[in-house]
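Chain lettering (A, B, C and D) follows the sequence in which the chains are written, and residue indices restart at 1 in each chain.
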Amino acid sequence: MPALIIQLALYFLFRMNTTAYIEKQQEKETTRIETFSDGVFCIAVTLLSLEIGVDVKNSATNSSLFHALLEKWPIYFAYIISFINVLLAWMGHHSLFKNLRGTDNYVMISNGILLMLVALVPFPTKTLGLFLLSGALKMAVVFYTFYFVLISLAFRLLWHAASRKRELLVHHLTKADIKAITRNENIGLICNSIVTLSAFINPWVALGLSFVMWMYWIFFG
Amino acid sequence: MPALIIQLALYFLFRMNTTAYIEKQQEKETTRIETFSDGVFCIAVTLLSLEIGVDVKNSATNSSLFHALLEKWPIYFAYIISFINVLLAWMGHHSLFKNLRGTDNYVMISNGILLMLVALVPFPTKTLGLFLLSGALKMAVVFYTFYFVLISLAFRLLWHAASRKRELLVHHLTKADIKAITRNENIGLICNSIVTLSAFINPWVALGLSFVMWMYWIFFG
Amino acid sequence: MPALIIQLALYFLFRMNTTAYIEKQQEKETTRIETFSDGVFCIAVTLLSLEIGVDVKNSATNSSLFHALLEKWPIYFAYIISFINVLLAWMGHHSLFKNLRGTDNYVMISNGILLMLVALVPFPTKTLGLFLLSGALKMAVVFYTFYFVLISLAFRLLWHAASRKRELLVHHLTKADIKAITRNENIGLICNSIVTLSAFINPWVALGLSFVMWMYWIFFG
Amino acid sequence: MPALIIQLALYFLFRMNTTAYIEKQQEKETTRIETFSDGVFCIAVTLLSLEIGVDVKNSATNSSLFHALLEKWPIYFAYIISFINVLLAWMGHHSLFKNLRGTDNYVMISNGILLMLVALVPFPTKTLGLFLLSGALKMAVVFYTFYFVLISLAFRLLWHAASRKRELLVHHLTKADIKAITRNENIGLICNSIVTLSAFINPWVALGLSFVMWMYWIFFG
């Protein structure tokens, strides 16, 4: 009798270790891609700050520096909204990869496209900051918001790549879960498209809509 | 008798593995956020160096290069104090996260605000370095020191977010511990505010006060 | 009888833990180098974006910004192909290191040379983007494609360093596996050389050949 | 009899897990500092590439681009030697931290000083590259080589901080080991000082001496 208990217990312990080992091996692939992706998100978000600076003037006074710092507000504004956008994209990437168990070439490529777009976020950000108070405001906002439509598309593509094969997803994911994620990605894509379209009518309305979307994602997403 | 020992021992071993597994899962969330935050601190601190350089002049001589390198001392000065400030902020972030077991949206957002400010530290640093020997010295120091008031505020907000729910904190934290951390964060915020206020009177006194604060934190903090 | 089972099972469990520990120690060295290398790849790929930006003009209109953004296409083009090249190099580095169990000085140095080249990819990228529409197109493409011949050479050197000692490779690698990897590295080097040579004849043909090579690697590699 | 074996074996298994846990906790501190340090090394080494680029000229021809690329050789030269220096410093940091079990404030601060210097390596590198062919060659080489004397000093300080308390070092380190490491750090400091002094006499001799030192470290270090 005790022998049986021991055998069962040891068998169980042994299996636990073995499956842990196998799962660890399988997990290794997605972990490395996730770490690399995290790195790109992390560097992209920190590089946003690189272009911000006040030029030195020999005749600088306290008051002129104060006004020079204040006048830069469109740059700060663009920095802040891009920082939030990249952080939200990072969280989205994270929650998408939580459902992944393995990868294949299609997943790698669509993830690569997403990272390529994320790494270039400083470019639309700089453009928005520089042209926010110029006559090219509308174009700058259209470009900026359209850029995040592209990022939504890359997310949608990545999820399509991952969800098309059951063996790439974690075991406990039900069909309903998969459907819910697909719907979420679609909604994100549609919302970003609406923001871009509204920018053609009124760029400030578009920026306001983005803000409403964030609040929704943060508090109910 | 031996069977009982075995059963108990195996039960214990099994529990250990299981709780280790559950705690590992829970821990995963904060670990990823911590790693991302570490990345932002790390990149921000290294990016500080990007703006430092001596312009090439065709007629350069050994002596003119020597003086050009020496004349840059306000830039080095700003680099060094920002490096120390970001390192101390990183240590503070680390010791704060050691108390965290889980996260929620509020923690994520307040951590995001903190990272947004940390990533932009090169901006006040550059401003301080460029205007330290100009007529805008006072404004530059006020801006620089005020920036670190904002960072203290973000830390205070992050700790408020974490400490408001008992289930987000690690088990072994007592009420007295929580109170002590809250007091510490408050003291940091007050100290940084005093430094900023003193900068309005005398910018060099403000920089001296910062130095005293560091020494205190490093040797008694 | 039960005692024997227990002894065997415990012996097995113990060995598993011990060998896991020893393998972990051995693995530590390559893991750290791999992580460092991943970091360089990750930063290099994100830094590619740094040089992209539209200059501000006071008289900016929506239409002038639109055309300024469109006119930048050679820069986007160079960004995209370098991003893909670095990602493919990262995957290649990853699959090469999967075969490594230990390192020595020769492996460290050849890996260092590879990283030195990868970190400098933004330089040929910028050159390609700036001169793609200039009279120096041929030279820009020759330089760009030759740069990736150098990277292939560094990969070949790294594999030579790793494969020359059996104890640096993982146990389950057969002689046939080693030969196959050597052949693969040689093919990569030859293909990149052919692309560079073809750039002397026609730069656009060279860029087209690169594209065909990618498709092959992605879908059959 | 079997019960005894089981008890012993289970006790052993249990202890293994427990000590592994405790050591893991202790290790956590140094691991985090090491990871952060690795990040700074990794970013610093990749940022070296940022300043390298060829300016666009409208009238660019294949031959003018070819010569513009060739004329940049002092920049490449400075890039390569700094890359090697930072990689060697990273390896040195790695082998020093392998001996550390815990940290205290003194270790943290001396490590911080080391990282502050490493993060700023792009500055002396840029200076060396820009002035290598100018009349300020001697000053540029003195500055560059002196910068690595500072880094050696920071290493010496870090080792002093770590080796002054036995409880900060790993258990298996003998007194002879500690002495050997101290001697190694001293030799590194002296060698770098000799290189700097020789730069006052002849800058090219100093660069040659650096090269000999590397070869020694790589093949016998």
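FYI, a residue touches a chain if its C-beta (ideal position, glycine included) is under 8 Å from a C-beta of that chain, and two chains touch if they have at least 3 such contacts.
Since the structure is predicted, the reported quantities are computational estimates derived from the model, not experimental observations.
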Chains touching both chain B and chain C, listed by label: A, D
Longest centre-to-centre distance from chain D, chain (CA-based): A
Distance from chain D to chain A - Cα centre to Cα centre, in angstrom: 34
Geometric centre distance via CA averages, chain D-chain B, whole Å: 24
Multi-partner residues of chain C (at least 2 other chains): 2, 6, 10, 13, 39, 43, 47, 50
Chain-to-chain touches, reported pairwise for every pair that qualifies: A-B, A-C, B-D, C-D
Residues of chain D touching chain B in the complex: 2-3, 6-7, 10, 13-14, 17, 32, 35-36, 39-40, 43-44, 47, 50-51, 105, 108-109, 112, 115-116, 119-120, 122-123, 126-127, 130-131, 134-140, 143
Complex contact set, residues of chain C against chain A: 1-2, 5-6, 9-10, 12-13, 16, 38-39, 41-43, 45-50, 52-54, 56, 58-66, 69, 79-80, 83-84, 87, 90-91, 94, 218-219
